[in-house]
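All chains are identified by letter, namely A, B, C and D, in their written order; residue positions are counted from 1 within each chain.
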């Protein structure tokens, strides 16, 4: 079986687990008051070229939900893509941690918010009206949930619209590394320099193990968030084991190399099937995911050929490349697609 | 420096980290649908001699808070000791996850609820009254937050009172292993057989690394809890790395050996200082903690001698033994106490 | 000025205020334990031809939000029309009172849910999946937020789909009286007999003053709701003044007469402008509201003629008839519309 | 029967209901945008000798809960008397509306917080610690739940301690009028001039009907509170009927006259039974409540004599005077107490 189900079905980078094991020495104060967590602040501040606060958390869901709870009051509206993970796949964790905040979908393409649609949506909300909730934040999923990427200018354009109405900007960076690897820009350029206040910094989907992080650029948000994390059960008493993972994740550019690899595998597949009859892409392949519109019997055939993937509908299949997908595995998927699409369609 | 600050300042058992590393092989479905997590259900069901549901979680705080949210409606009262960790040290996480549920302290001794006081408290709440919230659950901290232990009969007596009024019984087992090691009874006897519906199963304080667990005995509570955990950001996508830790924790009785060691160290110290003038124990030493009433200048002296511990007040100091405290470290503390208490008290 | 802004800008029926004043005699137990509130239970049970529990509340918003909180767990999805008042105009009160429950819009026409769209939406949610929240309830707005009405069969069809998946059915009856007056059916037929579990029983928009009510048909929901109301600050200590209003509201069919009057005024206007060039209706006029698509300069003209109404967009205006709108006022609006639409459109 | 059960079992002042009825004229914008509510702002600003925002609400419970939710973040601690109504009788509404905020009892006497105990409690919480929640607000019940009154200096002393740690000050003024009538000071002196940020302004217990109010002195708190009230279902669409009641309540000093009457009745009783063997007061009678420690058979006798009151325990009875208790009714209670206490105690 060759697994294209998700990037969270995969292994962790050995370097990350080695760092975790290496942290198991001596005693250290609990709840993040240890030396590893102090160093983590330094490393991430260097990485982002500004003073940041970084909080290890157990999952991307809690990173998103608590980031939004920090960025919005309980009566706030948070604008996001209709297909955003926070809107479709996190059991309304944002609404729960946010005390009843509301996610409001905004039009766009390929899982991205369209800046004009955001501006229009906000223009329809008159300041001071109480009935609809108060515009509070925008959340961008980077890379998007359909495998596309916001350019730096896209982020900046949306952030500018948001800031002009006093909204905070959150980035769900579950695949932030993949976006960086695609755009070849700096973490700073794609985040705070473009107007991002708070970032869900994903590691799990890109070779991490048991933690992601919240990176806070806007210092107003950090202290209340620290309390929220404590009562959300996110402040590990043995935090060093989480901080060590995150430092290993970025050390020497490991994270970007892994994202480069998963992106490259997706590109390799996309390039090889370009123009193949019976296959079309739902969105440009800019990160490590491919959304293929293919016939149901082609999906059946791929499964018979030993490929694992998710069927999003009768005619839409998702393939996700992990950092350790090999060229041979990529080529095998291409060959199977070519073979199955060439076969005469069975009557259904 | 010799560290008696907390059992969460310590190392993890190497076996646990080895198991985590060993789980890093192949791909596995996310969010707990993997084989490790399936085996975890089997292992814990064997351990508890009944079919249980076990959910790995990131911290004891979230184990407690979500257990109580499962055991009580948002308008419920949860009865606990005044010094219970959930009441004093978890930022009211139970109130947050529980949608506004209320912790109501009940009298007792040494951090334990007194059954008669619980009965009296419940008797004062007339069924059907709305103003005070509805009695919903009792939470027992085992071992208690003052280092004492509920006997099996104590748990059963409290559970019987609770059940007679329709209340659920939660056990905060952050130091459940220490209680078991003390009482030399089975996990089943100290939990569901005595009336416990849901257990916060602690590992971190006893040689764990990055996870604790919720063990559900009452099957009604399990399915809603699974959804709550997902939206609380507690359902790791790479759950195998958590489940592997928990299996290693109990494999071959590792957890009980570690608890035995930390208990023994605390006993060794307690026995050696019994009768020492200027030192008195706030509560019996039945697990791995000692609460010593000593003069402030004795505390100063201990710190000068290289010991780390927490000052709970001007005259109360807490010493916690980890699983890897050595006899030599225990004896060193005894010697320092003997020396410092013998010294003529300085005028304050 | 002639006011078509809303049915909540209007007076209360004098009978209702007289009943409130008449209740001001002697002492009475607080928090709903009075004789008026006991009689209210009887009167509503007679009205609905079944044993109901009825709870006076301060507003329709809280009636909706607490009904949904009773019908859904905090992790539930509540399906509603995209334009439903609960989704657009109540500051996400349902999400707040419901502990983070999520409103999920379902397609339909004229503010009504389409049964087929609901079935399709539910079919796409596989039982047991955790990521999207759990389907929990359906909410029908009756009359709809665009002035249309669900027939008894419509309600029953939707309820059947809902029940087949274990969902509860809520009706937002802010204009329940208008729907009844339109359909000329019994309150029972349009509610519990068609599958409704819990009803927001509106009075304010139809000649009420300071209270609406929740009517509970499904007895499982009533006791927890009573506690929720108490802690939501909805249990007036002098409840008799609310219960007296609600009894007067239904006494002798007052509520249906008032709804008949406001419906008739809307019908009179709709009939008179049928076919008028430059005016089109967004939805059929089945209750007391008209949504007119007209040019912006026609709206300007109407305002110059002394009419008050809300502009929903540049080309959409809403006109609401109160129970005490006179035929002369209705005819005046018609005349103004005829005059203004006949005028040559100004260049913009 | 003569009713001493509560001040909420009583009638409303006729002037208040007359004002409500008088407001039933013409149309008015909804949700507080009417002229009555605008005038209410003016009247209360005059009354308090400063610019205030005043929000009518349905009950004292919601006044307290939303005031505290405005004064404290969800992770905050709110300090109050152990017997405070918010702590004992409002189903933890503050915890619910406050998103999990926690009420923390502080020692004192007669239902009042002791300033020294507050200072001590706060001193034990080190700034920056996360585990215990963040000190956020103090809530004073005026008059206290045992019928005593904070002097202006008491309020100022507590407020000074609170402010020195950055805490907000809330006053639960369910019986604010009774306290003012007792102290003969101005509303300003007893509230914002003494350091109160936000006041639950009670009317119901003192001759009101269906509304109380929140009075906001600290302007930072007002705008977010307005949104919270909307989504809490507290923003009546026909707000004029509430605002009219509140204006009538204070017009011409009606509220103070009513409080003076109920206070005087309580004083009359207290004076007449001073020194009566078998009767002792739990707290000084400074408002309109008497808490009498009397034998159970005396309580039986009083009931046989036709008096209604609440038994708080076997030996504690509460008697509350309403604004319309007559001298004859007060004297009758005194006579019955004298008679019943003189009777030889029956064996129990």
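As a working rule, a residue touches a chain if its C-beta (ideal position, glycine included) is under 8 Å from a C-beta of that chain, and two chains touch if they have at least 3 such contacts.
Worth saying up front: this structure is predicted, and the values here are computed from it rather than measured.
Chain centres computed from CA atoms place C at the largest separation from chain B.
With centres set at the average Cα position, the gap from chain A to chain B is 35 Å. Rounded to a whole number, the gap between the C-alpha centres of chain A and chain D is 51 angstrom. In chain A, the residues that touch at least two other chains are 31, 74-75, 90-93, 96, 99-100, 130-131, 133, 227, 230-231, 235. If the chains shown are joined wherever they touch, the resulting network links each chain directly to all the rest. Across the complex, chain D is touched by residues 31, 73-75, 99-100, 130-131, 133-134, 224, 226-228, 230-231, 235 of chain A. Looking at the complex, you find that chain B touches chain A at residues 3, 5-6, 8-12, 14, 17, 20-21, 24-31, 57-63, 65-66, 90-93, 96, 204-205, 208-211, 227, 230-238, 241-242, 322. If you check the complex, the residues on chain B that touch chain D are 74-75, 88-93, 95-102, 130-133.
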